[in-house]
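For reference, the structures are reproduced in the following blocks.
Each of the next two complexes has chain A plus one more chain, namely chain B in the first and chain C in the second.
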Partner chain A sequence: MTDKLLPPKKKNPQLRQRVPTLPPAMRSRAALGLTAAAARGEFSLQHCEDCGAVQYPPRDACSSCLSVKLSWRETGRQGKLIAETRIHASPDPYYRERLPWRSGLVRLDAGPTVLCHLHGDVGRGDTLRMDLKLDKAGQGAMIALPVERTPDMADDPQLRSLTADPKHRRILITDIRSPMTRPLIDGLLAAGAAHVFVGQSESWRRGSDHEAIAALDKVSVVQLDVTDASSVQRLAAEIGGKTDILINTARFVRPGGVLGADTVFAREEFETNALGLMRLAQAFGPGMASRTADGVNSAVALVNLLSVHALSADPHYGAFSASQSAALSISQTLRSEFRSSGLRVINVFTGPTDDEWHQPLPPPKVPPKALAKSVLTALGEGLEDVFCGDVAKDLQERWRKDAKVLERELTGGGA
Partner chain B sequence: MKRQSYEGVVVTAPVSVPYVRYSQETAHWWIARALKQLLDVAGLSPRELDGFSVSSFTLFPDTPVGLTQHLGLSPRWLDSIPMGGASGVVALRRAARAVQAGDVDVVACVAGDANRIDSFRQLLSSFSRFAMDASYPYGSGGPNASFALIADAYMAEYGATREDFGRIAVAQRANALHYPNAIMKSPLTLEQYLSARPISEPFGLFDCVMPCAGAEGFLVMREDEAQRRGLAYARIASTIERHNAFPEDPVQLRGGWVMDVDELYEMAECGPDAIDVLETYDDYPVISMMQFEDLGFCAKGEGPQFVRDRDLTIDGDFPHNTSGGQLSAGQAGAAGGYLGLVEAIRQVTGQAAGTQVAEAKTAMVSGFGMINYDRGLCSSAAIITGAGR
Partner chain C sequence: MSEAISVLAAALGDGSVEVVDLTHTLDPDFPVIVLPPEFGQCARFRMEEVSAYDGRGPAWKWHNISMNEHTGTHFDAPIHWVSGRDVANGAVDEIDPAMFVGPVVVIDCSEGAASDDDFELTPEIIAAWEAEHGPIPANSWVLMRTDWSKRRGAEYLNMADDGPHSPGPTPAAIEMLLARDIRGFGTETVGTDAGQGAHYTPPYPAHYLLHGAGKFGLQCLSNLDRLPATGAMLIAPPLKIKGGTGSPLRVLALVPGKTGSGE
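Right, the complex of A and B next:
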């Protein structure tokens, strides 16, 4: 059984902080299919469309029949550990700091043998559950997990290096007025978060649950307006060095298309939803990126809440959709800019949320609790793209299938 | 179709350029030194040499083509054997057929590699596409970790112990003390082997080779050509080569030799009993043990008992890796795939000096190479005889 991860000791400021290094990051184009699956939390391998043979490692032609028609499909995770080792020597700077490191060979029930990381509770001869996760280099990596979940299994050091688990970490949630903030705080504290900072932008306009949140143990309300660069910088100067996870819940939404809409609202949407993210990243990002190897409470992730209409516009929320596309685009650039540090940028996409601004829309709508749960899942599993609720999942599937068909459906013209 | 014999073709002029742990010199430099020795022995000038076969991991951005201009050669037959530990035997069998067919008169076969500070790490991280995608990112233990997994599965399957592997390593160190070019100069006891620091379990330090720089080489030519030049030579009784054998095996507990070993003995018209000296590819002792089994010296799974019963030293009843193998002589990149063959030529031509096995007439050399993902893909073996002595 995994040893319970203890809270970190107070850091000695005179000691040098460990500089982030990455595990080997180079991959072939085919292997990026593993990364894409890991980003979404899927376990996918290449299947031959002609003979059905399952392939691993990723390749460009079937090793059974030479067909080049290989497609990524969800695959059974079950397998058996047939060999294991504990590595005590490595020339790689990332692993040298983390030795000993366990790896093993798993014979998947689906066929191939997979060389993978090993969870501490897995040993030779065990049947196990294989998972694909993003490693610190942002690449898909295989890890063998016990079939049955155990209480502290997420504390396993090899597994924890592949997730953004909130346990013992300090978290900033940017907007106290978001309806998902309270369930998010509750979930984070239940998951073992050390402290939660919650931003409020307008102290004269408090929500009904403000007092209840402010009174919570391990929670502090801090002044933060994401549309104001100096406000963001002031807070970063104060708590940037102890922000391990940043969850951006700030958003501004007004219904309406593009032709009839006031650009004042559109400007506000871009200021909050797109440029707000940019300001937060500029103020908090570099500090977080320098602390990604800093022990138990190292900085680990920046989380964005996005409308799934970032992928394809909802003409009833025209300018808002545009601001979401802009935020998505900014998050992609941030991924590139944080790549060398291992800081993860997580996007949680949602359909219409069950709040005042989506009041006239028919269900299903995403309740704040469900959205909070998706954020916690993304952190705990270490995902990069999460789609919360039926509308978001459905829309994402249609977008992956054919973005143009989806656009036509959303803009009128589907039956 | 029955394979033709190598009659009329011989292998000669075993040369070694002494290994160095780290060196600033390039692969070109090491290969040039081996080639110079070969040509001096044969009395050839660089321009006269008409055949050249090269194995090296560290020539980049050059290939053997670039080497011809770099070294001033004008060969009419040029080969590049990128098969790591299987390279020596494969170079030999290809050169032999070309000589036999008259495409070339003399082939200089050379393997050499550089080893600069940090170059081994760079080699590992981009060794192959599958390694880059699916093995190196998992702890970056390199071949030590990959073969540790094979050893772990082998021990579980056949009941081999660390002591069994240790017997191979200890005997080879005893042999190496008689080979002046060996990197390792001090004796090794079984206790030292067992208590060495762990590298990748079940492997400890003395299961692993020491990467270094160096080169090895030999010449292949017609028998009359060797006689004319007054060279001691060996005949090639038989050879085999196989790649990606048994892809359906979940983990590698046998090598490609199993597919071809019957033909190896049949062509040589002998059995395992006729082998006076065996030189296996010992990137790890467990791989040598696998070769004892797969080359027919004992049954599958009896490798552990075999090494308990036999004496693997030069004077023992089963002389094995007489120059110390890579475990004690060092692994100079692709030259590791030549070490056993060069030593075998010395043995059957009576030129092995301190490591000479008495009455060694017939030697077997086996090669094993290229851990592309989870297993070594190339296997090779040859039987050579010293009848031409």
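Right, the complex of A and C next:
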């Protein structure tokens, strides 16, 4: 059974903080299919379209018939551990600091035998469930997990290195006014978060639930306005060194297309949704990136909430969609810039949310609780792209299938 | 006339005339008027560093700033309101600059405002003030002192479920001031109208009546407790914005000093 992860002791200020290192990051282009699947929480392998053989490791031609028609498909996760080893010495700087490290060979029911990381609760001969996760280098890595959940399973050090679990971590939620903030706070505390900081802009304009949030145990309300660089910098100077997860719930949305809407609301949308993310990343990012190997409560993720219309515009929310595309683009650059540190940028995409700005839209709409749950899943599972709700999932699938077809459908007319 | 200016210069020099700053600091967190969210909103003051003696500009520091015309301590021109849309020379760049320097009287409502958030400036109060200080001179600024500028945080806008609660003039009070042919009307609150001013007839009487008559407004003033009831001079020139409906500005008052031979 996994040892329960205890809250970290206060740091010894005389010791040098551990410098972030990454596991080996080189992959072939073919192998990036594993990374893409891991980012979305899928378990996919290459299947030969000619002979049906399932491939591992990823390759450019089928290992049985040499066909180049290999396609990524969701694959059964069942397998059996046929060999295990415990590594006690490694020349690799990342693994050297984390020894001993268990790895093993798993024969998948789907066919191939894979070399993978092992959760502490699996042993030789066990039937197990395979998972694909992003490692610190942002690459897909396989880990063998017990079929049934075990107590404190997420505390296993090898698994925890592949997730962004909030347990014992300190979290900043940027906007107290977001309807999802309260369920998010409750979920994070239930998941064992050490402390939650909640940003409040314009304290001269208090909301009805602000006092109740401020009164919660392990929660502090702090002054933060993502549209004001000085405010973001002031807060980063105060708590930037102990922010392990940053969840950006700040959002400005107004209905309206492009022709009929003015640029005043559009500017506000870009200021909050796109440039706000940039300001947060600039102020908090470097500090977080320096602390990604800082023990139990190391910095681990920056979470961004996006409309699924970042992928393809909703003409009824034209300028808002544009701000979401801009934010998505910024998050991609941030992924590149944080790559060397292992700090993860998570995007949670949602369809229309059930709030005052989507009143006339018919259901299904995403309730704040569901969005909060998706954020918690993303952190707990270590995902990078999460689609919350049926609308977001559906749009994403259609976008992957053919972005142009989706665009034509969303922009009206035709079938 | 040049003699008057040298006398003023000497009075400023020896402290017999003092300069009082009636302006709040332009701060990103200073409250602005909040309208129902489906309406366009007043932009908050924002400042972005362009360079700070660094790679972006090695020997200099400067900022880009942005705001609404009605952010912070600000001036309202007649074209700000629908009633003043056709007033001749009603934009800030068109107003005769002589209007920006002139006499000011202060009606002290601080006692009433201290006990009643919705305190009203009424014709009775104006009449009582005139009984004490004489008629309000034509072409002078009239400022309503409430000490509201000393409030901080949520107390300033004083928003409640039924809207903001802050003192202001009744329609009849504004009519009476217009009958005196004043230059403009100023307050310490976020607008020249009361927080509940939407419920008067006409709604927002200070805005509606003053600007319709080509008069000016000043709001978010501070330090009004340092002005005498009469005898001070107000300097309130808005930025020369083409077609501007108002402007943040530095409002100064020249007041009799405690020292020197000005009296």
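Keep this in mind: the second predicted complex is superposed on the first by the 414 of 415 C-alpha atoms of A that agree within 3 Å, B and C clash if a C-alpha of one lies under 4 Å from a C-alpha of the other, contacts with A are read in each partner's own complex, and residues count from 1 in each chain.
By definition in this document, a residue touches a chain if its C-beta (ideal position, glycine included) is under 8 Å from a C-beta of that chain, and two chains touch if they have at least 3 such contacts.
Fair warning: this is a prediction, and the values are worked out from it, not measured in the lab.
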Taking the superposition as given, does A:Lys373 touch the first partner, chain B, the second, chain C, both, or neither? neither
Given the touch rule stated above, what does A:His316 touch, chain B (first), chain C (second), both, or neither? neither
Between chain B and chain C, the one with more contact residues on chain A is chain B
For A:Arg27, using the defined touch cut-off, is the partner it touches chain B, chain C, both, or neither? Pick first, second, both or neither. first
Touch check for A:Arg234: first (chain B), second (chain C), both, or neither? neither
### Message
Quick check on the superposed pair: does A:Arg124 touch chain B, chain C, both, or neither? Answer first, second, both or neither.
### Response
first
| request: Identify the partner contact of A:Lys242: answer first if only chain B is touched, second if only chain C is, both if each is, neither if none is. | output: neither
So, in the complex, the side of chain C touching chain A is made of residues 28-29, 31, 34, 37, 40-41, 43-44, 46-49, 153-154, 156-157, 159
Chain B contacts chain A in the complex at 118, 120-121, 124-126, 129-130, 132-142, 144-146, 148-150, 152-153, 156, 197-203, 247, 250-251, 373-374
Contacts from chain A onto chain C in the complex sit at residues 202-206, 223, 225, 227-231, 262, 264-265, 268, 356
Chain B partner, complex, touching residues on chain A are 23-24, 26-28, 30-31, 34, 56-58, 63, 82-92, 94-95, 100-105, 107, 113-117, 124, 135, 137, 139, 141-142
